[in-house]
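Before anything else, here's the structure in question.
For reference, chains read A, B, C and D in written order, and residue numbers begin at 1 within each chain.
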């Protein structure tokens, strides 16, 4: 799925906009998920391992991985949206390739194809142990732009 | 998708087993997700609204909904597995039908078809406001039984 | 996922509209897939087993099952759309519960939630052998209404 | 999702094995889908546009795209399986990025992570018009190896 297109952001302040909306996602702060970088159509997040978010075998719960991947994908899409659009996830599929066992995790979301209404994205989650990165999970997500709903912030 | 089959549990202590494994999922306790009920092939969880787990518009984050649905589906599958099996999620797809806006949420997982290795499940998330339940999200999940891995508890 | 809502069609001629669009899907005729019934938000298709559409073990290929399920879901959505809308599938996930082994197959699509732009649907495929129906596959599909594109028929 | 690992096939005759199984998929011949190339963990198929497989707007039906992508992904997985394994698709998700409008289509499947039982794959479908390739659809698919079922050929 490697269409190496460069995307043109419709909002010159897209980095700011993404950072502001990310800061409003209380869940990111609660879980200790950080915004590492924003480029046009690409977002990277990271999280240190935290026992509070593990499943019964001591690995990070698949849903927590999905939470970070969904935000990475949605903000990758949001970075290419017009200034007046709010962002909402339509659906995502997460494949759990291997248990999320690591000191730290990196979550990458990127746009496959932007659109006025729907943006198609994919993401990958990586476990970091020492200097090694292991693919933990993948996501494909459909993200929607909403217009004219002033009660939806960013 | 309504195959109203009754399933025969292979483990007479399936309720206990599910409750024990659920109690080991630290993330459930962290997020305030409760185990409401366990039947053979069916599990119900619930969570009160908590601001700590919201996205930028004040709704529960899609990934948190997916976390609860994944556990509901995985434990529905686990309830039908042999006593010596451990449980792991292979993949899930979550569709976000409407924003997760409610006082409380109910998550239902049920088995469509059990199997020695793979069990197919589906789940639904409902927002409760007063006495009204609204369908918030659906999930389909493939759940795997693992045998002979003594380091994986339950 | 059983929200037993009755849906109100926005197009009084929805049966006709679905039948006309279905007749334009050349692939349905090529594969021998029939339109059994149309209700508001529900469509049923069927196909006899045909060796021409089998995979290496002699079962109907998963993609052929997906073809019928996608049309069942998309037309279930289309039945609730406004007269001026054209219909397009955004994405679907298909779970292959058991090999598609039967004399005949039934495909049921139904709407979970209709919307102006996006409609959420689910479908199920059943193998018929004598008087027994076996669940073969499930689908969840996101369907889109397109407006103002006169080159897209129905 | 770019883990550029080289995979070691467990079957030295993997090309032959894939070609033989592909030849047994009657549906591939029926639809005019060709096996272009097989490498360890990667398969490419192609199909010329055929009116017989179109939907109501004259584009190739999403299910036909899914049929080719599923075979590309399943055979990418099969190329890495042990000689005694048969192959079956567990589930796939297909995202329809843009209508399948072209003279010819290319379908690429590749393995993200092989396994004894489950292999995780992804695929992409491309429309070819003149010398231009456009991304039409993506797939993620879970593929299963079956052992000891002598009635399942290849």
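In this section, contacts are C-beta pairs under 8 Å (C-beta built on N, C-alpha and C of every residue); 3 or more make two chains touch, one makes a residue touch a chain.
Because the structure is predicted, anything quoted here is derived from the model rather than measured.
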| item | value |
| --- | --- |
| Interface residue overlap between copies subunit A and subunit D, same or different (over half shared) | same |
| A-C against A-B, pair bridged by the larger set of C-beta contacts | A-B |
| Per Cα centroids, the chain farthest from subunit B | D |
| Centroid spacing, where centroids are CA-atom means, of subunit A and subunit D in whole angstrom | 28 |
| Subunit A and subunit C: spacing of chain centres that average the CA atoms, whole Å | 32 |
| Length of the line joining the C-alpha centres of subunit A and subunit B, rounded to whole Å | 23 |
| Touching two or more other chains - residues of subunit D | 90-91, 93, 95, 140, 142 |
| Residues of subunit B touching subunit A in the complex | 21-22, 24-27, 30, 51-57, 61-64, 66-71, 86, 88-96, 99, 151-154 |
| Interfacial residue positions of subunit D with respect to subunit B in the complex | 90-91, 93, 117-118, 140, 142, 144 |
| Subunit C partner contacts - residues on subunit B that touch it in the complex | 1-3, 93, 95, 97-98, 112-113, 120, 122, 124, 135, 138, 140, 142 |
